[in-house]
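Labels A, B, C and D are assigned to the chains in the order they are written; within every chain, residues are numbered from 1.
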Amino acid sequence: MVKVEFLGPIQKEPLELEITNLKQLADILQKDEELAQWLENSAVAVNDTLVRSLDFELKENDKISLLPPVCGG
Amino acid sequence: MVKVEFLGPIQKEPLELEITNLKQLADILQKDEELAQWLENSAVAVNDTLVRSLDFELKENDKISLLPPVCGG
Amino acid sequence: MLYLYDGALDVPNILKTWYEAEASSNYGAYIPFVGTVRDESQIEGLSFDIYEPILKSWFITWEQKAKEKGAIIKMAHSRGDVMLHESSYIAAVFSPKRRVALEFIDAFVEDFKASAPIWKYDLKNGKRIYASDRSTALNGSGILGVKK
Amino acid sequence: MLYLYDGALDVPNILKTWYEAEASSNYGAYIPFVGTVRDESQIEGLSFDIYEPILKSWFITWEQKAKEKGAIIKMAHSRGDVMLHESSYIAAVFSPKRRVALEFIDAFVEDFKASAPIWKYDLKNGKRIYASDRSTALNGSGILGVKK
């Protein structure tokens, strides 16, 4: 099982999912209409490291974070 | 009469000279061996405005300043 | 060092503390950048969310870049609400010589704006409204989106 | 504004005074540059001569350039002796947005180094030795020299 958390302005509770790669995550999240606006412009981190490709295998207990557009300062 | 002052590290007392242009000033100062090292790398101001050319007429009571290389900060 | 505070920053105190901490480190140049909330668009202030784990690792990579130049960096940022004319952000560089410091503060602040995992909200009529128009998608964003 | 002091600058106090003076001016970015005397070449400190009339007119032209960008500048400099790890120079810019401030502080500090009528001396064994190796001839220098 992996945990998925939604950061900043994405108003959504964390999910716990039985998946083994990010392609599966994309398939699941794309079915959630609330998330449509965020998937196109959010970055993805696995265990707090940004990943740039869906070709990424997940391990048990991985933490996945969605990071929408930022504006510090 | 004009007054000539030497700024910063140029160790020389001010001069009062009866001259009407900067070419005359150059002729006089070039005869001063102490100044040789400074004339090549000093800028000239007349009444606190930098001038870039010897073609500059002087008026009575003008103040001429020699400014050697700078290093503020 | 990275310092996070709840609410507005005490800018004079932070600038003084950092200056004094490096007073004997033999850096010739100290350049802080201070960001202050402007009165514009009828806001009452701004509010910030920070994702600390990734902010900290981003900051560590910049500390390493600074070290390669013989420089050090410090940064302070607010969490939560910061009202008009209060300050929410200070980034600073110390380096032996001025050119490194002048170039580094620019690159550091610009990458902060593009990469730091911080989300900004306008405070308007007591509500917290995501500043989507001023926000920048992180590098690599969109991989979960529908392929076109 | 331009401020000249005898001896070292009280950096925390100057940074605080300037910050507070512009606290309600609605500038989003404040960038001070602080120059500190480094321990190098066995010096005990530095010493400065300033020619104020031309420094003031130089500063006024930079105030005008700042105004054209919607920004303001402030500067403080020491006269006389400043010992190791003390500070002799602060230049600062305030502007509504960060890009103007980041670009302006760089151009302002660099032109200061090239153009401000200030002379620097090393303090060594109690003597004041002109820092000729670090000094820059002003634009237009040499017109009184022998034509070659």
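Everything below uses one rule, namely that contacts are C-beta pairs under 8 Å (C-beta built on N, C-alpha and C of every residue); 3 or more make two chains touch, one makes a residue touch a chain.
Fair warning: this is a prediction, and the values are worked out from it, not measured in the lab.
Q: Please state, in steps, how far subunit D lies from subunit B along the shortest route of touching chains.
A: Between subunit B and subunit D, the shortest chain-hopping route counts 1.
Q: Looking at C-alpha means, what's the farthest chain from subunit D?
A: A
Q: For subunit B versus subunit C, what separation do you get between their C-alpha means, in angstrom?
A: Taking the mean C-alpha position of each chain, the two centres sit 50 Å apart.
Q: Based only on mean CA positions, could you tell me how far subunit C sits from subunit D in angstrom?
A: 26
Q: Touching at least two other chains at once: which residues of subunit D meet that condition?
A: 35, 98, 109, 113
Q: Touching two or more other chains, which residues of subunit B qualify?
A: 73
Q: According to the definition of touch, which chains form touching pairs?
A: So, checking each combination of chains, I get A-C, B-D, C-D as the touching pairs.
Q: Subunit D touches which residues of subunit C in the complex?
A: Per the touch definition, subunit C meets subunit D at residues 11-12, 15-16, 19-20, 23-24, 26-40, 85, 96, 98, 101-103, 105-106, 109-110, 113.
Q: Going by the contact rule at the top, pick out the subunit D residues touching subunit B in the complex.
A: That would be residues 35, 48-51, 53-54, 57, 77, 88-89, 109, 112-121, 130-132, 134-146 of subunit D.
Q: Mind listing the subunit A positions that touch subunit C in their complex?
A: Answer in residue numbers: 7-9, 22, 25-26, 29-30, 39-45, 48-54, 65-73.
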